[in-house]
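Pasting the structures in now, so scroll down.
Next come two complexes built around chain A: one with chain B, the other with chain C.
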Partner chain A sequence: MSSPRGALRSAEDFARGRPMLVSLLLLAPVLLLLLLFFFAPLAELANLSTFAQQPTRQVPRPPHSLVNYVKILSDPFYLQVAATSVLVGGCTTIATLAIAYPIAFYVTRIAGWERTLISVACLLPIFVNVIVGILGWYILLLPYGLVQQVLSALGLVEGSLQLLRSFPALVVVLTYEHMPFAVLILVSSLQAVPIDKINAARLLGASTARIVANIIMPLTMPGLVASAILVFSLSASSYLTPILIGGQRIRVLPLMIFSYGTELLNWPLAAALAIVLLVIVVAITYLFAAAMNRLSKRGQWEMV
Partner chain B sequence: MTLGASESVLRLDNVSKAFQGQPAVRGVSLEMGRGEFLTLLGPSGCGKTTSLNLVAGLLQPDSGTVFLRGEPANTLPPRHRRLGMVFQSWALFPHQNVFDNIAYGLSVRSVSSTEIRKRVAEMLGLVRLPGVEGKFPSQLSGGMQQRVALARALITRPDLLLLDEPLSNLDAALRKEMQVELRQIHSELNVTTLLVTHSQEEALVMSDRIAVMRAGRIECIDTPRRVYNRPPNRFVCAFLGDANMLECEIEAVFAGEVMLRRNGLRFAAEAPAGARAGQKLTVAIRPENLLLHRPTGPEAETGIDAIVRDAIFKGSHIQYALMIGEERLEVLALPPVDGEPFAPGERARVTVPKSRIVAFPAEAGDAHV
Partner chain C sequence: MLGLRIFTYLIVALMLLPVLVTFPVALSAVPRISFPPVGFSSRWFLAILSDQVLLGTIARSLWLGLGAALIGVLVALPCAFVVERGRFRGRDLLETGITSPRMMPQIVLALALLVFFEAIGLAESFVGLVISHLVITIPFAFRTLLVSVATLDRRLEWSSDVLGASPTQTFLRVMAPQLKTGLIAALIFTFILSFNNVTLALFLSGFGERTLPVEMFQRMNVGGMTPVIPAISFVLALIGVVLFVFLDRTIGVYRFLAGRD
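Here is the complex of A and B:
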């Protein structure tokens, strides 16, 4: 008990004892890196998105206007694409958490070789190249592929099955891709819930469902929110999986951005779409985190 | 002791539990009557908390049966056992305020909200914590959290209250206060209570009966007075308070008494069962049972000659170290109301009341206990 607290105190003393200048110097490398490689390109992207037309040799700096945003926000086609992106992100997040949460809970309650086995199985997808993983699913989902063979052997389906290029298939593959991150975050979060509190609720007469809803979920809310944000932002902005699994059938914003940027060579519109995607993801994650924090009264209580 | 089915709240029948082949509880049997306060006392690792968890249903026994209200309850899930439990960590729900914490056992049973409000107020009165309903556990002191945990365990009116070292996280002064308060609450509600503790003081202050455990077994189970004054073996004697332990030999047996000898020391004691001359015994005498007096005065003729080696003033009493020949004895005495206490180097006479000497057969491993 005393040693982590002692370490914390000395870290605080360390920070308090340093003058401002030293703190700034210590932060300088990461600030510089962020400025050069994140904020500057972002500003350039925002700038680019307000160009009325594609810059050319003759007109390297076209006049500024909001025409691209007007075009996106007034055209049902783009709104539809944005909605699909949000839907893909949302469904993937729900599916990932629904599967990862019980797995993570189970992992925290076991030990020894069983725990090692499940942990390794959960983490393995991280070590497989993303494209290899997606192509594996591609083969499984092909018409007359393994999934269909199993289903028809069981007598559940007949004839050709259009799994590829479907919305559920996209969500399934995105879920597979992001599962390890969610499990990792949720395990550490669930690990921090003292078993005594769960036992206390059991002895007070609570059913398992009630214990999960009343005790475990509120106490692991920070982990749930963190993994939801991670999975949502990664899957809503994923490009590889939609292009390989969904093809052009399921239109999401990243596909549009790529196609305007490289095929149709309309950089300002691509930039505007990228900014729209960024704003949507940031706004949704912020609102979600705020709502969940309010729901779990975060900040009002501390762990005891 | 065997109780009728209506009287027996808890019965353990030869219950055993092992963890990865390591036995934690070995063949424990005990029975608790309605309203009784029983304490499982023992050093850490003696199996007392495991026993409590077996009663709570948080663990399943490997063999033996747990009876609740006279019914076998081995497979009864914890939430249907109608028990209240206060954990060592108190296990309050940090994200719920005091009201919701205490009300939890009722709200999961869909009791009406007016009834819940009434009973929470009742419980807060019982544990003397009015007006903290809206606070979160982290805003309360340790003692207050402890009371909330107790209120939460009692609000469902359990048949049996389990206390798992509930006072071990409190400071010494607060612990004393809570011991007395727990006693009061117990007698007020007459709730059958099973306490687990390693503190002999807690056990002596609060219990109707004490079960002393060692290495997964119950060594003895009796009233605090009898466990303290007539311990069945050396371990129980040493665990509950201090004692002068003397290895002696029986010199002679006559009419229910034995004459014991050790080096130059000779004294009489009540005869243990099956005593015979020449037998080796361990004798325990509690320091407060040795009586000291000056070699002059009316009692000068009685007792054994001794020299005071050391006198430690401890406020309410004085702790003497005596030498009788080569033998060192610890004596606890009240400071004399008039006159001076013994000083180091002074001569004294010691008397040993026969009824206060406890004799155990000398055991093989006992020398190292």
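Here is the complex of A and C:
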């Protein structure tokens, strides 16, 4: 039942006995907005990606063809760019989860100001503009910047070092940026692990390693999968960090989409590249989720 | 546990370092980015206040954030009620539909809106920018409010109803107080989301109509950036930390940011 709480008196009378209509009215602004400015533009983008050439005033609707997709899928350059995007997303996801999981575990065991301090640090990239974080890393990674000074002082490197514009630097900054999303999901997932189960296992003599592997990991698998999917789809489609930290050296799909979309003004090709990026992200996350599901059905990740 | 503690604090240091490093760099006396900084002066912090372009972008970003947050929360609240309390077929589909912009890579959405706005004459307009931000703030506000609506105590509503209050009275005097925290959280988080957005604004804001993050991005990307950008960065970081600590100590950040997952 849904009644129009907060509506005017006359609206209350009008609404009585018409729950379906009221629901629709309540939903209308959001549904209209999303239909008009989310679903319709995306459909139009897919349509545009099949145009043989950039629409002009003379030819607003060029003939449809798959020429853009053929161009992307048959050109080793674009395939390389797509592979780089997947690699960047994959490396970032692994690094982020490997760091976020232990931290999330630690956060669930503490309280008070210590918890606030660690949370501030790990969730900061949500609260502070992404450009600020990227600028900080940019300063740290500059030639003869702080990172290099520290590495030199430790005797790990000698001479000048090209940290900016490198693949590891890109993955480090993307990991920094997406840490909050993984930490958030994993904390709420780890918090839901019933303490009784852990205590029972401990009472029965299980080691900490065994408890983590046989109880905590399986129970938090959905959280791990969800955060992996989120971090992958965000980092593989990130534009700002690749352009500011990677420069034009590490070419990923979002860089191509931006330059064809706003600089070279080849919208059909930009649209096709965007659809390719979307399909890659959706396909990989879907296959990953399906594979993890399968593993859990086979018993390996069985709920305890 | 000690090893875990050391690891955690190491990462904490690494997460704070990039934000903290903007401070000494902003104190530089010379107009270029260098670490360690050359000389010492507060001129770049003062320069924020005399940089008319920067001040204009700050004002625009504030209005944009306020608009996207207020409208977003206002239209998302009824949706949260319908989805949380409705018992009809397609309810899960509806929920997925409303939250689906969250799963869409922003660069794809930005390009789609650029093309679409160009066709309907909203390109490079403030209205277009607000609409694009609503697309990303609504799902977020919706999910935050779902949590609030789900935790409403129904018995209080029934009591209010039985005692003769009209639905309007029940909403304003029984439900609104319970929803207050969730509404404030949703407003603050959607404001932050909109204020910090770069990708959509980069595609959709006009040349003289940049938002603050886009202006920062452009100055960084084009080169010739002066320490005024690290200075404004540090100020933004400070505001972010204060806001965070306030929210965490009052509402609890994990509860509202994580949503229902």
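Basically, the second predicted complex is superposed on the first by the 261 of 304 C-alpha atoms of A that agree within 3 Å, B and C clash if a C-alpha of one lies under 4 Å from a C-alpha of the other, contacts with A are read in each partner's own complex, and residues count from 1 in each chain.
Basically, a residue touches a chain if its C-beta (ideal position, glycine included) is under 8 Å from a C-beta of that chain, and two chains touch if they have at least 3 such contacts.
Remember, it's a predicted structure, so these values are computed and weren't measured experimentally.
Colleague: Please work out whether A:A206 is in contact with chain B alone, chain C alone, both, or neither, and reply first, second, both or neither.
Modeller: In the superposition, A:A206 touches chain B alone.
Colleague: Just chain B (first), just chain C (second), both, or neither: which does A:I103 touch?
Modeller: A:I103: touches chain C, not chain B.
Colleague: Does chain C touch more residues of chain A than chain B does, or is it the other way round?
Modeller: More residues of chain A are touched by C.
Colleague: Applying the touch criterion given at the start, work out whether A:V130 contacts chain B, chain C, both or neither, answering first, second, both or neither.
Modeller: In the superposed model, A:V130 contacts chain C only, not chain B.
Colleague: Applying the document's definition of touch, where does A:L142 land relative to chain B and chain C: first, second, both, or neither?
Modeller: second
Colleague: In the superposed arrangement, which partner chain does A:L184 touch: chain B (first), chain C (second), both, or neither?
Modeller: A:L184 contacts chain C only, not chain B.
Colleague: Should A:Y239 be classified as contacting the first partner (chain B), the second (chain C), both, or neither?
Modeller: In the superposition, A:Y239 contacts chain C only.
Colleague: Return first, second, both or neither, reflecting whether A:D196 touches chain B, chain C, both chains, or no partner chain.
Modeller: first
Colleague: Provide the residue numbers of chain A that touch chain B in the complex, in ascending order.
Modeller: Against chain B, chain A makes touches at 194, 196-197, 199-207, 210, 214-215, 218-219, 296-297, 300-304.
Colleague: Within the complex, which stretch of chain A touches chain C?
Modeller: Within the complex, chain A touches chain C at residues 1-9, 12, 20, 23, 26-27, 29-30, 33-34, 37-38, 40-42, 44-45, 48, 99, 102-103, 105-106, 109, 116-140, 142, 145-146, 176, 179, 184-185, 187-189, 191, 223, 226, 233-234, 236-237, 239-240, 243-244, 254, 257-258, 261-262, 267, 270-271, 274-275, 277-278, 281.
Colleague: So in the complex, the part of chain B that touches chain A is made up of which residues?
Modeller: 56, 58, 77-81, 83-85, 87-95, 104-105, 108-109, 136-138, 145, 152, 156
Colleague: Where on chain C is chain A touching in the complex?
Modeller: 1, 4-5, 7-8, 11-22, 25, 33-35, 75-76, 78-79, 81-82, 85-88, 94, 97-98, 100-101, 103-109, 111-116, 119, 131-132, 134-135, 138, 142, 166-168, 170-172, 175, 192, 195-196, 198-199, 202-203, 212-213, 216-217, 220-221, 229-230, 233, 236-237, 240-241, 243-245, 248-249, 253-254, 257-258, 261
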